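Look at the two complexes coming up: chain A is in both, with chain B in one and chain C in the other.
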Partner chain A sequence: MDLLTFARGPALQAAFTIFLIGTFWRLLGVLLLRRKLDHSEPRQPALAGAFKGQIAHLWPYQPFASRVMASYLLGYAFHIGLVVVIFFYLPHILFIQDLFGVSWPALPHAVVNAVGGITLMALVALLVKRLMNPVTRLISNFDDYFTWFVTVTPLVTGMLAVAQVGARYETLLALHLLSVALLLIWFPFGKLMHAFFFVAARATTGMIFERRGTHS
Partner chain B sequence: MTEETLGECLSRHGISRRSFLKFCTVTASLMALPPGAAAQMAEALARQRRPSVIWLSFQECTGCTESLTRSYAPSLESLIFDFISLDYHHTLSAAAGHQVEAALDKAIADNHGNYLVIVDGSIPLGAKGAYSTVAGVSNVESLKRVAEGAAAVIAVGTCAAYGGLPMAQPNPTGAVGVSELVKDKPVVNVPGCPPIPEVMTGVLAHFLTFGSLPELDVHGRPLAFFGDSIHNRCYRRPFYDQGKFAKRFDDAGARAGWCLYELGCKGPTTYNACATVKWNQGLTFPIQSGHGCIGCSEPNFWDKGSFYKPLSTAESIAGGGMIAATTVGVALGAGAAWISRKRQDDIVGGK
Partner chain C sequence: MSGDVSDTTELQPLDLESSRVSVQIPAVRYDQQGEMSDDERIGIAMRNFVKDFGRVAAIYMESCVHCGACAEACHYYVQTGDPRYTPIWKLEPFKQAYKREASPLAPVYRLLNLKSKVTVKQLREWQELIYDSCTMCGRCTMVCPMSIDIATLVGLARHGMFQAGLVPHELWAVAERAKREGSPLGATAQVFEDRVDWMGDEHEVEMHMNEDQADYLVTMSSIEIQKYPESMAAIAKVMNAIDASWTFHSDGYEATNFGMLSGNAEWQKAMTVKIIETAIKVGAKAVILPECGHAYGALRWQGANQYGKPLPFRVMHVSEFLAELVTNGRLKLNQVDRSVTFHDPCQVSRRGGATQAPRVVLKALGVDLREMQDSAEYNWCCGGGGGVVTIHRADALRYKTFEIKMRQVNETGAQMLLSTCANCRQTFDDGQEHFHWDKTMHSLLELVADNIVETEQ
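Entry: the complex of A and B
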């Protein structure tokens, strides 16, 4: 079996299996935990806070805006970029269609490539920021760096494959798929889980503040 | 007896020196040889006396021989092909039975160390090679015997090069390609199902001109012909880049000549000269005729998923496994939460 067949077949199969087991394990393991009882009298019904919480954190809180705005903008740039690249590149859409039977129109390759470049630059800028600031550097751990690495490698290998630089196309494509496999395997066990947890986290804080009658 | 040279043979067939030079120029440029190589090739080829070639046909469909001998005639390619002294060829030989086997023994003895061996078809190793025998000798045995005195071996077609169709899962005959068995002689793979005639003559011309085999890629194929993918040389490539894809073989996109990626084209991962040399004297090639590339010059092409599924879905993820994985994940998560709740209960006594 050649590397590409291995990457496409057994490697992705194993990666998706681990991804699903790990993701559902962690999601249910956390969401089904018993929550601490709040004995205080609610000022108002808490539920609305679950929705307000989702909105409130979309943009920097005014007093901190000047300090965190750059991180927010870079964060938006690469998150939107990843969505575009992962979900609007034709081979990816065909891959998803093969799995789930749904599809949608693709963007031209030139657009995807340009967005890929912007995404990569934003991710690099965020890493540099993290390393330059003594505080963020101090509190960064293996998870932070490794999560960055597994996010960046599919992007880099995908673009290398399309540009056909560094090795034969099949080899680069195989590395691309292996890097995607690595991303999927790491996903449930590292910070990438925020992709699922952020909704619950914002809902929870939103509800706590709403119940107390404060701003979330 | 002095045998005639290739130059003499060609002029006897009424081929002018001019068209012979043209052939050499085209072949040299197809192979991206340095300037001056065409003249060198013309001179060397014209002086050549019949090289001895032993052609072994194993588990094959004769498509390779058809491709090479009947592609279009009479052409220079086919004449050069006629010119090489096929001392032994199962399909083309006029003689039969013991006479041919005697010719084989003679060719091996007379030209020991100098003859070329061309192989088409895979070699079955199962059942001690009994799946394919010629004159009572298994293919493995003949290959080993004939290759021993060869200058080089050319594996023609995907079966000889990589096992091809006979090797497709579950490979009932235990078929393998030539290079699995011949380790101590230079082996050139000219894969394709069938291979392009010009590629074949190009390799022969190179051998006759320079006395050596051309430079090879990772899969043992001459780089000159297999150096670039079909996709990189495809005239439909602009449509690929613009995102214009035929969705069905009969839709407007297909009629407009759009890219066939969504219809399963394997051009991006297939290396061959179809998009440049083309077929039937440069007339057309599969993609130009409206069908995606099936990747026939790649190892294991038959087992790389459907010809009609897009490349990025070639190996599918098994749905049953995914459902099982989800179930296991849910069970683990629920179990973990339950244990945690139970511990809390144990500690605070349910309060």
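Entry: the complex of A and C
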């Protein structure tokens, strides 16, 4: 079995399995914990807060804007960039169609390439900020740096494969797929889980403060 | 027993009147209570920390991406630039403990030793971060993209710290005294009754004490009883003006809850239940909470949960009560021709939701309200909440954070400074003295009481 066949087959399958089991384990392990009933008399029904919280924390409130806006913009740049690159690049859509039978229109290669470049720059800028800013440098741990690594690697190997720079295309593609496998394997263990937990946290806080008659 | 130079002891409790000694001995940066081995201490700390670990706290612990935004909302970080004051960093040993002991992946963390065991040394080091430099004002909650309520987590961390005897000594002593005497500042039931009598005479206002039945049970904070006793006359004037059936009660008068602030969950419950049982005994339709921030959180939002069932009466901060009275026309107020700025107590406004109530009252007073740059739910803490004002070694840091408040108040150019929290007021008074500032904090309740339109009965 050559490297590409291994990467396409057993490696991705194993990675997907670990991703699914791990993610469910960690989500259920938290979401199934008991939550004490709140007996306080609500000022207003709490439920709307679960939705308002999702929207409100998409963007910094005005009093904080000047201090955190740069991080927000960089964060959005790479999150949106990753969505574009992962879901609107033609080979990815074909790969997904192959697996699940659904597809949608792709963006032109040049656009995806440019977005990939911007995404990479945003990720590098955030890494530099993480290392240079005294706050993020202090609070960062292995998870932060390793998660950065497993996020950047598929992007870089993918862009190299497209450009066919550095090695044979098949080798680059295999490395790309293996880096995706690494991302999937790491997903349930590190902070990538915020992709799910952010909804839960915003809903929780949103409801608590809605109940009290204010917002989160 | 104590690691700093404060002379606060059980016998000589906190004195807010005299000048303060706030020298830190650099070598000793923590206080410790009780005799136990380090192993016992750490075991107790961790057990009590994870005891209340439900879904809410676990979700928060899992969600942080270490973006550092919380630092930008925190008055300690903003004023010092010291990254240790980053709100989520204040929880680092507790995050470590959660990951290792309680999270869904705990077995993996332990097996591979990915997170080491928390040590007593760490907790001693963190005492300053959990107590001296967090007022649990919750501003960081609002800036967090994940919406993690860090203030709640600090409250849980304090549970572990208290049981392990790792509380700043003055805060511990104040809480202990509150448990023993019924009030943190020496306002025992007898002292309270005496001072209510005194204020009744002084202001020629009819006081109601220990009535068998009353629609309203009126509570006070010991800061008011001892330092701002005019508050007692003020609320009595309001109550009498609307011809209410009301009472103070020596069984349940103290609304502050140093059990909660220091992290002793049992004491918190005992202090809360005292008021609840008194209110039930007199058949109160509502408990009126005084101008105090944390008292509101303790009874309005946590009270029923401490009691284990819904409360058979309403719980109102005095500003909410006044807002209701002016809105339904039961209380008529004179117009006050002054410019005013209002300091929101974090626990009433941002964390309590009664943000508009004082503004309704101010409107009824006809003042020219000049909001500070960051007001209402975005306000900056006065720096004295969460029990911090009791901790002497934290004074220098507290003054640093108070500079934000002075700047913002000055910028409004308002003639008068008002709030609805006696603890904020005391922090402002202390800051005023320290900085020789020309602004004095006043009570909204007292302003209202001085401007009641007497109606012919």
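Following the convention adopted for this analysis, the second predicted complex is superposed on the first by the 213 of 216 C-alpha atoms of A that agree within 3 Å, B and C clash if a C-alpha of one lies under 4 Å from a C-alpha of the other, contacts with A are read in each partner's own complex, and residues count from 1 in each chain.
The definition used in the following text is that a residue touches a chain if its C-beta (ideal position, glycine included) is under 8 Å from a C-beta of that chain, and two chains touch if they have at least 3 such contacts.
No experiment lies behind these values; they were computed from the predicted model shown.
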{"item": "First (chain B), second (chain C), both or neither touched by A:169", "value": "first"}
{"item": "Which superposed partner A:16 touches (first chain B, second chain C, both, neither)", "value": "first"}
{"item": "Chain B or chain C, by number of chain A residues touched", "value": "C"}
{"item": "Touching partner for A:29 - first (chain B), second (chain C), both, neither", "value": "both"}
{"item": "Touching partner for A:94 - first (chain B), second (chain C), both, neither", "value": "first"}
{"item": "Residues of chain A contacting chain B in one complex and chain C in the other", "value": "25-26, 28-34"}
{"item": "Residue ranges of chain C touching chain A (in the complex, touch as defined)", "value": "53-56, 58-60, 62-69, 71-73, 77, 81, 83-84, 86, 88-89, 92, 103-105, 108, 141-149, 300-305, 307-311, 314-315, 349-355, 373-374, 377-378"}
{"item": "Interface residues, chain B side, partner chain A - complex", "value": "218, 229, 232, 240-243, 245, 261-262, 268-269, 299-300, 304, 309-318, 321-322, 325-326, 328-330, 332-334, 336-338, 340-341, 344"}
{"item": "Touch list for chain A against partner chain C, complex", "value": "25-26, 28-36, 38-41, 43, 53, 56-57, 60-61, 63-64, 67-68, 71-72, 75, 130, 133-141, 143-144, 189, 191, 193-194, 197-198, 200-202, 204-206, 208-209, 212-216"}
{"item": "Complex interface listing, chain A residues touching chain B", "value": "2, 4-5, 8-9, 12-13, 16-34, 90-92, 94-95, 97-99, 106-110, 164, 168-170, 173"}
